[in-house]
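So that you can tell them apart, the chains are marked A, B, C, D, E and F in the order they are listed, and the count of residues begins at 1 in each.
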Amino acid sequence: MTTTDFQTNPPPDFLIESIVRRALAEDFGRAGDLTSDLLLDGRQSAKAIIASRERGILSGLVAAALAFRMVDTEIELTIKTPDGGKLEKGTIVAQLDGTARAILSAERVALNFLGHLSGVATATHSLVAATKGTRARIVCTRKTIPGLRILQKYAVRCGGGFNHRFGMDDAILVKDNHIAAAGGLEPAISRLKDRLGHMIKVEVEVDTLEQLEEALRLGVDTILLDNMNPPQLSEAVALTKGRATLEASGGINLDSVREIAETGVDYISSGAITHSAVNLDLGLDFE
Amino acid sequence: MTTTDFQTNPPPDFLIESIVRRALAEDFGRAGDLTSDLLLDGRQSAKAIIASRERGILSGLVAAALAFRMVDTEIELTIKTPDGGKLEKGTIVAQLDGTARAILSAERVALNFLGHLSGVATATHSLVAATKGTRARIVCTRKTIPGLRILQKYAVRCGGGFNHRFGMDDAILVKDNHIAAAGGLEPAISRLKDRLGHMIKVEVEVDTLEQLEEALRLGVDTILLDNMNPPQLSEAVALTKGRATLEASGGINLDSVREIAETGVDYISSGAITHSAVNLDLGLDFE
Amino acid sequence: MTTTDFQTNPPPDFLIESIVRRALAEDFGRAGDLTSDLLLDGRQSAKAIIASRERGILSGLVAAALAFRMVDTEIELTIKTPDGGKLEKGTIVAQLDGTARAILSAERVALNFLGHLSGVATATHSLVAATKGTRARIVCTRKTIPGLRILQKYAVRCGGGFNHRFGMDDAILVKDNHIAAAGGLEPAISRLKDRLGHMIKVEVEVDTLEQLEEALRLGVDTILLDNMNPPQLSEAVALTKGRATLEASGGINLDSVREIAETGVDYISSGAITHSAVNLDLGLDFE
Amino acid sequence: MTTTDFQTNPPPDFLIESIVRRALAEDFGRAGDLTSDLLLDGRQSAKAIIASRERGILSGLVAAALAFRMVDTEIELTIKTPDGGKLEKGTIVAQLDGTARAILSAERVALNFLGHLSGVATATHSLVAATKGTRARIVCTRKTIPGLRILQKYAVRCGGGFNHRFGMDDAILVKDNHIAAAGGLEPAISRLKDRLGHMIKVEVEVDTLEQLEEALRLGVDTILLDNMNPPQLSEAVALTKGRATLEASGGINLDSVREIAETGVDYISSGAITHSAVNLDLGLDFE
Amino acid sequence: MTTTDFQTNPPPDFLIESIVRRALAEDFGRAGDLTSDLLLDGRQSAKAIIASRERGILSGLVAAALAFRMVDTEIELTIKTPDGGKLEKGTIVAQLDGTARAILSAERVALNFLGHLSGVATATHSLVAATKGTRARIVCTRKTIPGLRILQKYAVRCGGGFNHRFGMDDAILVKDNHIAAAGGLEPAISRLKDRLGHMIKVEVEVDTLEQLEEALRLGVDTILLDNMNPPQLSEAVALTKGRATLEASGGINLDSVREIAETGVDYISSGAITHSAVNLDLGLDFE
Amino acid sequence: MTTTDFQTNPPPDFLIESIVRRALAEDFGRAGDLTSDLLLDGRQSAKAIIASRERGILSGLVAAALAFRMVDTEIELTIKTPDGGKLEKGTIVAQLDGTARAILSAERVALNFLGHLSGVATATHSLVAATKGTRARIVCTRKTIPGLRILQKYAVRCGGGFNHRFGMDDAILVKDNHIAAAGGLEPAISRLKDRLGHMIKVEVEVDTLEQLEEALRLGVDTILLDNMNPPQLSEAVALTKGRATLEASGGINLDSVREIAETGVDYISSGAITHSAVNLDLGLDFE
């Protein structure tokens, strides 16, 4: 039982089947893979490998494997590097054994999953590596690519990050507009205590140290420090004295993240690791 | 009837409803928008605007509008900038009039569509602008984010690009593996002529000028010049003399695209505009 | 903005449409409402009322209204008692105005939703009323009727109860088997602190006061006191001194609940309010 | 070929897969079984048994088995008591062999199906047992829990009952409102004879013996005697002399059903066996 | 309230929406109606009529109207001839008012429904007309085009025919294989009486008069006389003396049907009216 | 690798599963196969054969096999004649080995697919055979039965035909209404050249030789010669001199097709082979 095993628990197949089926349907359309169907003999078997063409962290093998299996249950896929594993240029990810036609027909969809999700894992891991040795953990947000949230959240875990809310229903996050509508933070928190069940955490977004003090006084689980610079964040940490979990957000990138982490905040959230991840280049080659 | 109108025809609502519904379902989960539901009065009305926070090209309003409508049919959305329109920092995209609760509940999903698809349109437009004045057109590929292909293809059109194949079924693209399996390009093309209907175009991928000459001799519609440098591409154009459409691919970016376009190729295809687009920053603010 | 409004926020239509459509599909089958179709003129209009035939709390109007609308968008439904409202024998719930045929065709499905969900709300409210004046809140569990969880959770809120976890993903609940597999409570909690994001609460199930003390020492959000009798519960409350939220479960019914609530526990959870609710008798009559 | 085999034919898997998938999706949400995923090693195997904690009739194993299989195709489930079998406190229903994690992840959904459907079967069987030796058969109605009709109808068969209509399309049931709208029973029946195919049976609901005589004179297959007391029912049986099937309904419970059955009616229908069944307590324990 | 109204009750929209959506999805694919999108201005309005180009009976307007509405909710469709109406060459079926682009995009799907279902209605009506004055009614079978059963059954009603079973679940039809497996007709019927609910009719297929006599003696609702010639059918009618409904099947066509009807059988079933209907030619023209 | 193998590539299972599931759902309804369930022992095994009762070309085995597998994964189906194979009266198509109950329950749906799709293949093959020796190829159209397009297109290939467009998105077909709206053929083609990607072919429909000349001058891939008689078609061929692919349509039947093919056109398109195919009679018999 390795740490990796706990960290990267993939979503069960029955939850991602519809995502993979939709991706295949997009690519097969109505007539299917015309080129392979017309040029390749349906009985010709082949061996292929999926390998990385650059450095990064792998994610998405669970979806890629499902894509091959849906196209042809006879394709055998042997995992050489599991999701969450480190990739160098040339690292072999998986071996495939099946008909050449089926492998080629599923190739693009499989690589699209691997490339995108490994991109998310790699972007996450860059921030994780840059903050090594600090207490700060990297978390994702709800700024995800529509339709891929559960896979992107999984990719964040593959990259060593943690998951924030999966949606609007598994935790409370009170923002400016909510506070204004509720007539202030105090009545807002009071209302939540009246109405909220006991298993839901509450986070409040603050822009100033005054708001932070009010939030601490009212007692919330987590406080989002929005767009504060490192000196302000340090002051916030000092002021909080462990009375709440602190999360920094806004302007997080490879240049800024280390300094922010060193302020002592508990979490640093980044939208870019999911909404602007650069595709990792992986390829499939016949042996 | 403007040019834009022709270019950016959005997919009809019935084709993207399931995509938007899935995105909302991801965010609402089972309990919905707990924060807004508990803190906001369901009857409190509000006006809000969606505006861009940076320069770019807009795409995705068609999906964002559907998201607001699905959450609450009473929300009125007034378009101020249509999909395909140019955005500066501060450009107003749309005005919203509805209950504060419904607007906030749909906000993130709507912005996720707008941010991602505008990112694709903007990336496309950068290449289009960089090749202005040449004959080369920018086209996308099948390297798309799983589940979003029809919307990404639309975003490419919003950015001034053209669409390549939507899937494996609407055109033939013969690659190395196909040629090897068919015993050479000549038997491959002969087999296609035997078996393919009259309304499907055929493209062949070549790596060398020798392969290009063979492809031209056999008569195909389009030839993909893979990873050739500008001098090779120029030679290919000279050699082809208009007998086939030429498409350059591999290593396309803002630095290289102009020089490639000036070789005289007809199309330049880029995977990055869809698989690695950077989110465009748009925001929703209450008035 | 009434308390009721906050409490009973119904799930948005787009989340329950598939539940209502499936229920209608079950009843219409392939040939539809043969009796009404053959005996009633499709243009004959009618007015009907839905009324309660016994005392209770209403829930499910949101689903019933959707059922009528799906069968015929022209049916007008006027709400006389909102979900969460008190019902006496004869209380009018809603008025309907449409064709007699459409009203009769949708009647049974609409009443099935209303009867079942009002049964849940009424069972919940009985426990809520029986514990009035104590600090204890009534919560539901994951012991729900398959396919109806979001509507049953809503019905619990209509009855004045609170919601526990909606599923296995929005909070942690550590039970015997988990503790055994993790090698004890201490390593289990340590592992959770290592791996869990900051917005998820942790509950631990204990059977004895010794386990309670260990859980308190390790610091968890909530402790489930399973099958303890009132004296044990009182001792647990005294021992806890507010360091964790306490939830009593096991053997909860109208006879036992008051005495349990008076021990000072924070929450009392009941599976019976969702898995064994008795249908509330409501009827539809033409005027 | 036992009697049980005929009686309890379960619906084929392909008809209940979507019901089970929806139930699992409710419980797994987006992040899945957080507790088991974080605390249990994914390779740790376990053996468990499902056993009854009280007396009753089993139903729902077909759905429970599908739930385990969908979560993990490797779980082996060995049936010890088939659906329709008698349960005592401690009766073993099934043995499970698989990973501890997968078994725990599917446990609640599987037990929710078993508990509810066994509740329906047990309630049915109580009425069947109470009428033993009479000619009366117990039948269900369309008053079912939305979304579970085919499984509840199956559970009724498991309990020894018979199925009435599955929906509004497989038989005619003429009620007051239909008769009024058609201008009387005679024109109603005449219209049905004109328009109805030959494979659909016709039932008419009557409240009085006068209506019964009219229905007999007009010739219908079945007559529903609504809310009649035992003396009235006896008179109805005497008056009918076998010219139609007689079904008693209204006020059916364990106290009243024997006396009603002894009047000689052919069928007794109960809504409570499906809409108000009390969950049967079954549990899953690791060995 | 006309006879037609009763006869042709169309399935409710919510039951056929998925059929129409699938048909549109087939035709729009991913990129939609490229030709109209690129050549027509999206604001150009148009008027069009749908008219018949040959004689027949109309069916399918309910699906065609839904197709136009799904493509563009703004298209106004005015019915000139209702489903079930008689068509001559040139009869106007409906008028359309909307954008030219939307009308053209939906045209083919709408006409495919109208052409096929009117073909079924017309084929049915030919048999109905040929048997006019006899007691025989024309019924369809389960030999339908996959995916269109509820619409084909409706088209049969539009043509003046009656519906046989909609599926294997709404009536019993005992064939040779069943009788063999049950050990003869007598044990088969006995078993059915033991196990079948009271609202399901029983039909038995017989090939000979001896089998007919046995079926009559055992008492079944309907007897299917399979592939008997007119003299045999006449003898069967004489022998039956009204003790069961008689249905003739096998070799039914326009040449044979009158003679078969005149034997006095109650029903004549035809698979060809649904599985081999010839498309009726309808067209859409702009005004 | 036979020619047949290339020609008849069936759609992958994951694309037709929803079509087959829908067809089974139509036939099983909610209660399933009542007759077989009540009369046959669920353990009784049987062997059966599917054989043709008339001459033709087989298609649909891929869907039929899926139907049997969905009903019972244990049924073994051995193919004796593959799709595309020639059938005589008595030709065995497949052998089945499984339980009698499962085979009977799936029989009708399987035969409905086989009968209809073999009907399409046979109708196609008749035209193919009638044009043997000419250069003309037979192609289908978008006039297909709603919901079955991908299977009908496959059946056309089984019959030796070729596929035209699968939908409105994989090729351009410019008709009268488009030309009128665009202000003439010249501006229409110019607009297409401006806006259309490089992998989409363009076809233009013409009624006269003048229009043909204009289309040739403008340079399109294919020209549809609509409703021209053989002399006109011959003139069109002469005039075209190979500058475009020519497709004849309108009034195509077994009587006319040879003469049309002999004019030298490249393709002949027929709607009747898909929208009016006569069911081919196949049967299932127990051994």
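Just a few scattered comments:
Note that in this section a residue touches a chain if its C-beta (ideal position, glycine included) is under 8 Å from a C-beta of that chain, and two chains touch if they have at least 3 such contacts.
Note that the coordinates shown come from a computational prediction; the quantities given were computed from them, not determined experimentally.
Listing every chain that touches subunit B and subunit C alike gives A, D, E, F. Counting every residue number used by either copy at the subunit A-subunit B contact, over half are found in both chains. More than half of the contact pairs at B-C come back, by residue number, in A-F, the repeat among A-E, A-F or A-B. To fit its Cα atoms onto subunit D, subunit A must turn through 120 degrees, a value rounded to the nearest 5. Averaged C-alpha coordinates put the centre of subunit D at 44 Å from the centre of subunit F. A straight line joining the Cα centres of subunit B and subunit D is 52 Å long. Chain centres here are Cα averages; for subunit B and subunit F they lie 32 Å apart. The residues of subunit B that reach two or more other chains are 6, 26, 28-32, 38, 41, 105, 149-150, 163, 166-167, 169-171, 191, 195-196, 200, listed in rising order. A complete topology is adopted by the chain contact network, contact being made between every pair of chains. Residues of subunit E touching subunit B in their complex: 21, 24-25, 28-32, 37-38, 41-43, 70-72, 105.
Interface of subunit B with subunit F (complex): residues 6-7, 137, 139, 162-166, 169-171, 191, 194-201, 203, 221-222, 245, 247, 266-267. Contact residues of subunit C toward subunit B in the complex are 1, 5-6, 9, 11-12, 14-15, 149-150, 153, 163, 166-167, 170.
Residues of subunit C touching subunit D in their complex: 19-20, 22-23, 26-36, 38-41, 44, 63, 100, 104-105, 108-109, 111-113, 115-116, 119, 142-150, 166-175, 177-178, 180-182, 188, 191-192, 195-196, 200, 271-272, 275-279, 286.
Note for the complex: subunit A touches subunit E at residues 26, 29-30.
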